[in-house]
Amino acid sequence: MMASRTDRGPVIDFDRFRPTRSSIRARKRKDRLMTVLIGLSFLVALIPLVSVLWVSLSKGVRRLTPDFLTHNMSGVVGGNPTPTGGYGGILHAVIGTLEITFGSMVISIPVGVMCAVYLVEYAHGGRLAKAISLMVDVMSGIPSIVAGLFAFSMFALVVGPGTVNGLAGSVALSLLMLPTVVKTSEDMLAVVPNDLREAAYALGVTKQRTITSIVLRTALPGIVSGTILAVARVIGETAPLLIASGFIATTNPNLFSGRMTTLPVFVYNEYSQGLAVCGPSADPGCLTDIHMQRAWAAALVLILIVLLLNLLGRLVSRIFAVGRTH
Amino acid sequence: MSEKPDETATLHQAKRVDRIFKACATGAGILILLALAAVTLFLILRAFPAFTGDPDSRTQAIRSLSGGRASSFLGYVGPLVFGTILIAGLALLLAFPVSLGIALFIGYYAPARLSTLLSTVIDLLAAVPSVIYGLWGALVLVPNITGFWRWLSVHLGWIPLFSGPVAAPARSVATVALVLAVMILPIITSVTRDILIQAPRLQQEAALALGATKWEMIRLAVLPFGRSGIISASMLGLGRALGETMAVLMILSPGLSYSLRLLQASTSQTIAANIAAQFPEADSQGVALLVATGLVLFIITFIVNYLARRITAKAGA
Amino acid sequence: GDNVPAASSGSGNTADQALFQGEFAGSGASSQQSADEAWIAGFRKQHPGARISYDPAGSGAGVNAFLSGSTIWAGTDAPLTADQLEHSRQVCGSGTAIDLPVYATPIAVAYNLPDLWPKGSGGHLRMDPALIAMIFSGKVTNWRDPRIAALNPGVNLPDLDITVIHRSDKSGTTKSFLSYLHDTAGSAWPYPAGENWPNDLGQGAKGTAGVVMTMNQAEGTFGYADAAQTTGLGTVAVQVGKTWQPPTAKTTANLLDLAQRDPQASQPGRVVLAVDHRTSREHTYPIVLVSYDVVCTAYRHDPDGSKARFAKAWLTYLLSEQGQRMAAANAGSAELGQGLRSQAMASVKTIGGKA
Amino acid sequence: MGQRIDISHLNVYYGDFLAVQDVNMQIQANKVTAFIGPSGCGKSTVLRTLDRMHEITPGAHVSGQVLLEGRDLYGPDVDPVEVRRDVGMVFQRANPFPTMSIRENVLAGIRLNKKHIAKSDADDLVEWALRGANLWNEVKDRLDKPGIGLSGGQQQRLCIARAVAVHPQVLLMDEPCSALDPISTLAVEDLINELKRDYTIVIVTHNMQQAARVSDYTAFFNLKALGQPGHLVEMDDTTTIFSNPHEPDTERYISGRFG
Amino acid sequence: MGQRIDISHLNVYYGDFLAVQDVNMQIQANKVTAFIGPSGCGKSTVLRTLDRMHEITPGAHVSGQVLLEGRDLYGPDVDPVEVRRDVGMVFQRANPFPTMSIRENVLAGIRLNKKHIAKSDADDLVEWALRGANLWNEVKDRLDKPGIGLSGGQQQRLCIARAVAVHPQVLLMDEPCSALDPISTLAVEDLINELKRDYTIVIVTHNMQQAARVSDYTAFFNLKALGQPGHLVEMDDTTTIFSNPHEPDTERYISGRFG
């Protein structure tokens, strides 16, 4: 077939560009191949990921009794049952996890949100702001164990050598949380329409009240759900807490003094104890694999907490989503 | 202007609060700088003894930490850096194509209902603590994968990467990289997906209207759009893998060499896992050394972050 | 809440309860963790008011914490060094700290070869120190090696590569085992003793549990671990003199009974053992991990003397026959013998001033 | 009662860029003044200087004088926050606070400024402002519903109610109807006609018919060329401007031959 | 040469929602057919079913028949990819591939089939297509510059060049000028007039004048009520529709009394 407009440029023989049967077939083949590969990559990834969840669930659910959730590990000896018929539990670790995580939230959320406020509302891309956002990026690359080393050395220098307590863990975790909090808050503040700020200013509202009552309030759902996700991430940190907060078998409610066990540390500690000794004089209920049972059960609780936080984050952002009617 | 005296007073107070608030915000920003400076400073202070003082006792400390395998800081930290980068790099190599595949699957192939479900699961998995991946790797994967590595070594053993003897049990670099890949997979997937599904509809329709197949549409209109985002997602995953401690600690049989033989045991160790392994028994000189290696790790992740920033900045421009 | 037996809360006399009211923290060697669990439970039966914690952070971290004054005692697999001893003056009110043996466990040389003997028949492969050294240094690499067969006539050894498993972290277990090889294997063992494993053969695993788990995961593995943990693995009967000694608590205790005091740790109050690995006595198992508790005889910041009082009571309990039996039952350790315990008790009596 | 505004020698800069040059005008109290002119000529810019809103744009600054009933808005000890309480503003796009109910939106100016107000007073104020904005009958049954649940025109009137609830002397409106459908536009125009009894009103509009319908005075702004600063071409009675302007540029603009 | 399209009993659904009901029409080869009608009446929807583009919207499906020169587009063994090769489409907003140069944009469709085209062939094709799209003179010196560096109107013509470069039989255009300034609009309209020599063209437009100017036939779609499916009211010669429509609704729409 020939193009008609000979006067206006080259004549094109479109047959030369006509796809051959084989090229069409090749394209179809490639398309199908990629579809298969993409589907396959999904299936391949599914195997380990589902395995992780399934193993944690199936192995963890065995020891996940009410007793396990309401007792700590004090007085638990090896694989022997305790007077209440359980085999010790994670109450102290749950309390420790909550307190240390709460501590890190108390440190990092105000600082992170205020830092984002500075970046979005005050700095207008100045030198300091550029430096800060670069540093926030750098901070998000701090390896968790380095954060632990930092908290440990800081408390050693500031409070006294050998200081190991919940607060040190909180400091380490807040270091890991801060960049996420800053980034999500920054993003959320940035999408608050300028219209709203102007509307408030036009009413004669001061900048601070505009920011707190309008901007932050509007961005709140996003900030909250972003922060919850950040919490879900640090709540599973192990290495820094091993160094900064130590391990203890009893419940220590005091964040500011004394060692504190968290769930991940508990999991790791149980794992690293291997088999329990059930000697000839041991209780008939003595379980040699009690450590692994406790490790998996605690891991399951940890996953459940993370899951809960995730759902909570989604819920918060959905319920308080701005712009929805009713 | 109509002004009642009490109104002037409240306005006055509001202005003061205004100033204080601004100071707080600025302070918080500066605090971030200070925090990072403090991290660096404390680490340097703590690492300082490793480089000062009696050279003999320094050498002694390094020999003691390395079981006599190294006698200088560089000789000690070199293989650790190599191992860290090797393992994290491998993990990224394994996870990246699969993540991309899943992200595309979620965004462009799966039916809507399935893809929201998958997204939720991926987000959950991205938050699963690494100690659980470690537990899973050590107790479930290691005993079950030895056979596969052996098969690989038999058939591909002529490539040095896969040469034997295959570690049994498989506490090798390959297994650890695999676990880290599984660990960072949801993270990369989740970020990549968020970016890919934002690929402009317009260009996708343009591609299809030209008679493109689905894959061609993705190649023409989706991947070019997501390129910088995909890179920064991978860098996020790489950063996570570089700093990962527990999974490596619980699985890898460490060594201090520059070996690329992935299936063999005791070839490499990562900085983070090494710190966690040696810290409990280290004396003060040893702690200084370990903190110094931590500083090196910090610098590596800094460089990775910086490069990622540069790449995305360039691609975004 | 705490797992306290309902009945026990009333027991113990009230004066005593007042004596041990409060928090008492220790930290250190993870090898002692199981024993410490048992000891804390046992001690609190007598003194329910005391709240005791033990952080198995590791010997190094434990001693560091002790030397910084943040704990009352440290558990350590290695006695204090001269530096550390000197440093301890800063936390101890009078002189230096003392280290006393409280816990000992045989170190088993173990293997995973499930089909050597019918289940439960309790056979042990026999090896001499040189053979063990050769396997651990990579000179013997297959289970069917004639040098193994020569010592184990009639045992049907499989044609299987030997995978050596060792500790990957710094550890007292490694140090004890290496000094055994160093002392006994002669030229077959070219490496110095130290807390880190010196070669890259086989595989390293973190902690005793890691070693045992790794060994359980593959046949043909060969390693060393605290004997109590080696459930499911075969253990080597080591040549001592002309006999073959499998690891047992009793034969290990025998070795400790024969041990000399380490001449280099002669400071007053210290009880540091120099174990004779070359012993040829019958019924003595030569590879042992001895773990110490480090305390002060008086503490610098101890206004009401409660720290010293606790340290004294704690060690007294640990070194009592009951304490040792608790540990043996729950951690599989070797009970320290009467002689050794009374030597250590002499030092304990000096805690908190005159006895 | 509204207040009059005197502008003299006003220059407005965005950083180094002079956006509007040498504006001199009087805006009469209790009248509606319309600003018209092609896009980019600086109508919004001038309007925003009247309550110092330009100051929230980084780098923006002014020279010259703006007197509100004789008092210099840019005097050294005048706080922009104070100015904005006397001069209200309504924007092109309706911008009710999305987190607040209709009622709270109306009260926002009071509440955000931490003034205490009795509930009955508040109720009265809400009704008064919403009636003033011609919205009361439409929303009186759902005062506690979110403000953004309203239609575009209702939202715009809500914003007007919010602005009048703080009793400003002057009301500035920057293209308040450009995003509205014809019916909502008529409602807002009616409202403007009523509001001028109490307020001095300045309105920016692109819609010549609208300017002719609602305003008493009209100011025509123009730019000499792209990139050049905008300036005030002329200002006069609306009827004069639309029937018999002095300047040929005005004539050309009004007859739709450019812009 | 263009091909004719016969649509019979076409229903289009988005999930359960019937968007367009029972459309029957013939689209003549080598003519321009315009779709007009109020917003939401299903013009775009019908247009997109002509090259099966609706299929990329999850849940969208059709019943009925669409024959392209007698061949059923929805036949069981027809691949949508093949259909789209014969039926080109131009969208409301210009959508050049941002990472490609102007030249590569034009060649994008051809490259899908043939990775390697002789450079001279490619050059000819690019020139031909860009001339066809009335863009050649403007861009011939910067063919290797990115396509998104062009102005909006140029981008739209680039998209047309890209669509014609694969030499389809039918060209569908969904409001191709709605985002363009008047000058670019005229350029595109001229182009449509020329293209109809080679292609069957279907164009959706909101602009009645445009429909009158460019099309030979006009189809008027309408909805009975909001939420009801759209339907074809009538289709006829453009002159008939605009001067003497059969249906009173068409008359009302064209005279601007609703929509």
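First chain written, first letter: the chains are A, B, C, D and E, and each begins at residue 1.
Keep in mind that, in the parts below, contacts are C-beta pairs under 8 Å (C-beta built on N, C-alpha and C of every residue); 3 or more make two chains touch, one makes a residue touch a chain.
As the structure is a prediction and not an experimental result, all values here were calculated from the model.
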Problem set entry | Chain hops separating subunit C from subunit B, counting only touching neighbours | 1
Seminar exercise, completed: Neighbours of subunit B that also touch subunit A are C, D, E
For this session: Work out the mean Cα position per chain and let me know which chain is farthest from subunit D.
Result: C
Problem set entry | Two chains joined by the most C-beta pairs in contact, as defined above | A-B
For this session: Point out which chain occupies the most central position, where each centre is the mean of Cα atoms.
Result: A
Exercise. In angstrom, rounded to a whole number, how far apart do the mean CA points of subunit A and subunit E lie?
Worked result: 48
Exercise. For subunit B and subunit D, what's the span in angstrom between their mean Cα positions?
Worked result: 53
Seminar exercise, completed: Averaging C-alpha coordinates per chain, one finds the centres of subunit C and subunit E separated by a number of Å equal to 84
Seminar exercise, completed: Among subunit A residues, those touching two or more other chains are 27-28, 156, 206, 209, 242, 271
Seminar exercise, completed: Residue ranges of subunit C touching at least 2 other chains are 30, 57, 64, 206, 210, 213
For this session: Please list all residues of subunit B that touch 2 or more other chains.
Result: 14-15, 138-139, 213, 216, 249-250, 279
Exercise. Of all possible chain pairs, which ones touch?
Worked result: A-B, A-C, A-D, A-E, B-C, B-D, B-E
Exercise. Hey, which residues of subunit B end up touching subunit C in the complex?
Worked result: 63-69, 138-139, 142-143, 146, 165, 167-169, 171, 249-250, 253-257, 265-267, 277-284, 286-287
Seminar exercise, completed: In their shared complex, subunit C is touched by residues of subunit A numbered 70-78, 80, 82-84, 86, 88, 91, 156, 160-164, 242, 246-252, 258-259, 269, 271-277, 279-282, 288, 291
For this session: Quick one: which bits of subunit A touch subunit B in the complex? Just the residue numbers, please.
Result: 27-28, 30-31, 34-35, 37-42, 44-45, 48-49, 51-53, 55-56, 110-115, 117-119, 121-123, 128-129, 131-132, 134-147, 149-150, 153-154, 156-157, 175, 178, 182, 206-209, 211-212, 229, 232-233, 235-239, 242-243, 264, 267-268, 271, 292, 295-296, 299, 302-303, 306-307, 309-310, 314
Problem set entry | Contact footprint of subunit B on subunit D as seen in their complex | 68-69, 71, 79, 81-82, 86, 113-115
Seminar exercise, completed: Residue positions on subunit B within touch of subunit E in the complex are 111-112, 200, 202-213, 216, 220-221, 224-225
